[in-house]
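Common to both upcoming complexes is chain A, partnered first by chain B, then by chain C.
Showing the complex of A and B:
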């Protein structure tokens, strides 16, 4: 009797966390999924419309642009936040000032992406860098760079790179430090050149870190909201929206909560596909027994 | 030998060159924030400020835009939510890693699921739920939500850490007559002060830096957190905005230097 009572109290430890997650998140997922099949303006009664919201989305030019922008964000940030940090990590490890360089490339990551975005808006406005190009004779460049459709997405990705490489660089530096030294020594003795040493020995050994960084960056680049919202609000004319912004626009600006919910569901499906590999990678071997 | 040293020069030069790009935005913001509005709009950004307009721009921040109130709000939300989330996560992580419960992995995944989905899927229902329960645009509503969103990640980190604490210690404490709560309080918490401090600070930082929920779940200046307040400032007065950015980054930068010693421990907890 006493024993069963004891086990029952063990669940009390879980209670607050489980209640919060259930109330705020698990029910929310169900609600959003359901809402995506309804028409709802936030005030009147919800009206069931079946898959109409999804049909509307895939015929909507804005949504197609948004989907395209999301893919561009994911592909390009992947290149920048994977290749550049790897290069930086190798350089920093061989530099004369490891601690200092780590800090320099990491500090933007510590800042809020809202702050980073606002500073970038100032730098890329007519009073910032474009002014410099004006003095060099490129008069047509003197304009607000973030207001140039389609170009601004790439500029924002570069800005994301400025804020995003820090964490991955640190992860790679840590990864490089944990590589066992014996295979490297052996390759050196056999006369491997520095480039060979990296491509044939060090990078393959670094693969576990690379997979973690890859999957994490992939998920994060789908989720970017704050910095785009601050820099362009998805404009001009909704040309720089990604799915994260389209969801917000449709729901909270245009009052089409059903359509917004459908966008959220599409985004979720894309992220879940990546997360599946992420979770399998995180819990793959160690926790199956736990 | 000669070749190696030349390699080092190349490495250091490339890094110094890249560093200039990485430091530039901070320098831009700091120089800009000392200028007057006209001086900024008419001059070149690389000119040094003529005289320091610090007091005037600070007055601009304190003025109509709710920056100071926003910082006070964010401090409240970040400290209370991060603290509550850490406590709730300690309890859950302890139960999952060391107490006798059925299917610990299912409970773990249930709570962990909070970190997997994109935040957009929570936005409408939580907005609606807060409105219905009259918690929309209230401090309590913000604290509750931020607590909830910090819990899954804290639990994830702490569970990993608790799993490394051996069961033998608990067994011997149990034999000495400790109940499970005493074991948690006397053994687990003291053994994990470092990770607890790190996750508290990083969650504080996350809440402080967060924009989307702050923008969506508040409407009045009295409730709005700092990042949302900054985005609603007057775009025309750039020096004041830049100063607001620098001021609002002070907690983040303090934290960055605080965590610097625990860099390797701290980095892993930065992302959500």
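Showing the complex of A and C:
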């Protein structure tokens, strides 16, 4: 009898979270999935169109560009927001001014992406940094950098790195601090060189932190929206759109909620697949190690 | 332990308050998006009630308050302004409230297909019978066509914006350039300006703005061609369209256009004389006067791009509609308030504060805007046409905006651009 009461109490504790998730996430997912099979402009009656929205998407050149841009964002963001913070964390951890450097590198993360985007628009517009290049004799560089098709995507990835590197660096520093000293000392006694120490001992022990950073960076780069919206609105001529922007553009700018929902479904499936394999591989390895 | 318990209770209350606040509030004006609102502090002149007016076009709270105050004096109805800074948030809020009695009585929308969608779904009040009042107050009867759906008029103008070539008077004087009266003179002016080290024409990099020079050049070639393209009578692959695109490309190749830049930079370049001309709407004149002290006629003036064939010059206008929500509990107050919107005092604020001229019977302080208005009334030399953005089906428009941007930014081939637009036009027009 006592055991039964205990179980109910546990479930009651879970209830608020379950209700929140059910109301705000599960129903939204179900509604979005359903909407992706309808034509709906927000005012007229919804009309069932089967897989027409998906067919339209995969024939649309803008969607293909958007898909490609999303892949570029994911790949480059992973490289930059994984490798760079790891390097910075190692350097900061071994420096004499850990607290100071941590604050300096974390500061851009404290800004919202929107504010960061607005700052970048000012800095990268014709009368910002490009003017300096003009003074150095690079006249052709004096232009609005964010208005250069395709190049602007890479500029925005760098901006994303600037904002994203701080948090990941902090996570890596924390991860490095939790590594027990005995395996490192043992490796040193065994005569391991510095590179070997990192590649054979420290980085493998840092794997749980790396997984968290990897997953966070992965999901964030898939759903990046606000900074791009502020900086280019996906332009010029939709060349810097990612899937999150295409979803917004189709739904709220073009009033095609069915098409927007179809983009959302595609984006969700992509994130789920990548996350699933990532988590399975990583924790599979961990389980085997354990 | 009791401290922890109390903290838990406080956190739970905060959480539930947040949830209830998010779920409720359907009748509140802001809809959770915290747009800025403005209303007159004075009590209504008559006991005419109150109506909410939602819009996405008036971010300046001070000007909104002034307009609200004067409108209230004219109508006796308290008009509460709620401005949304973000278009998507605005559209979503309208969608969510439009069937509710708590919906705003008045709101601004977009003419063309977007107005048609609301009208055909019965969301808007029929204003056909009201239009005699608006015309009597000086609204041009021709504007009615832009708001007509299936023979009924569903809107009145919130803002009529006329596009003309704004030029920096000092730059023209320094380069020895006179206002062109023929298209050849216009091209000569561009050449002279370029030779004097000035960028003749500035462009803004807004993704929607690529149609501006396209429509102006097509209409300069043949206004009927423009109308035929908009309604699908003629294809974009027509030889005449290719010829116009060729002229546009040549103007790019000769360096008459600057690189598309952020609009705030463009205004700065125009005001400082880096750029000589911009093709913009009338409220831009007010903005340039406010921000850079460009005095009408002394620093800034306007002309209409001359016809290529000695015809009338074309002035494109954007007609932003103000509509009355059919389901709103304050529909009657909205209709009454709208009846007074075109009274001289209210429209005086519109034109002198915002640069928006909706009626002819209003005294305009800014002489450059006055000059533009005089041109719009000079039917012997100029004709008014609804701009491309609202004048053609959305799908064709969206494709055209992307393709014309490719033409402007990347020098995409004329045939490729026109073929792509026509492919979409074929789908839409059948």
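FYI, the second predicted complex is superposed on the first by the 250 of 290 C-alpha atoms of A that agree within 3 Å, B and C clash if a C-alpha of one lies under 4 Å from a C-alpha of the other, contacts with A are read in each partner's own complex, and residues count from 1 in each chain.
The rule is simple: a residue touches a chain if its C-beta (ideal position, glycine included) is under 8 Å from a C-beta of that chain, and two chains touch if they have at least 3 such contacts.
Since the structure is predicted, the reported quantities are computational estimates derived from the model, not experimental observations.
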{"item": "Contacts of A:10 with chain B and chain C, given as first, second, both or neither", "value": "first"}
{"item": "Partner chain in contact with A:238 - chain B first, chain C second, else both or neither", "value": "second"}
{"item": "First, second, both or neither for A:248, with chain B first and chain C second", "value": "both"}
{"item": "Which superposed partner A:28 touches (first chain B, second chain C, both, neither)", "value": "first"}
{"item": "First (chain B), second (chain C), both or neither touched by A:127", "value": "both"}
{"item": "Partner touching more residues of chain A, whether chain B or chain C", "value": "B"}
{"item": "Partner chain(s) touched by A:218 [first = chain B, second = chain C, both, neither]", "value": "neither"}
{"item": "On chain A, positions contacted by chain B and by chain C", "value": "16, 20, 125, 127, 248, 252"}
{"item": "Complex contact set, residues of chain A against chain C", "value": "16, 20, 41-44, 62, 121, 125-127, 143-144, 147, 149, 233-238, 248, 252-255"}
{"item": "Contact footprint of chain A on chain C as seen in their complex", "value": "12, 15, 19, 87-88, 91-92, 95, 98, 114, 117-118, 120-121, 123, 205, 207, 210, 259-262, 265, 268, 394, 398, 401-403, 405-406, 409-410"}
{"item": "Of all residues in chain B, those that touch chain A in their complex", "value": "7-8, 11-12, 14-15, 18-19, 21-26, 28-29, 32, 40-41, 44-46, 88-89, 91-92, 94-96, 99-101, 104-105, 107, 110-111, 113-114, 116-129, 144-145, 147-149, 151-152, 155, 163, 180, 205, 208-212, 215-216, 227, 230-231, 238, 241-242, 245, 248-249, 252-253, 255-256, 260, 263-264, 267, 270-271"}
{"item": "Residue ranges of chain A in contact with chain B within the complex", "value": "7, 9-11, 13-14, 16-18, 20-29, 31-32, 35, 88, 91-92, 94-97, 101-116, 118-120, 122-123, 125, 127-129, 131-132, 162, 167, 170-171, 174, 194, 216, 220, 222-223, 225-226, 229-230, 243-244, 247-248, 251-252, 257, 260-261, 263-265, 267-268, 271-272, 275, 279, 287, 290"}
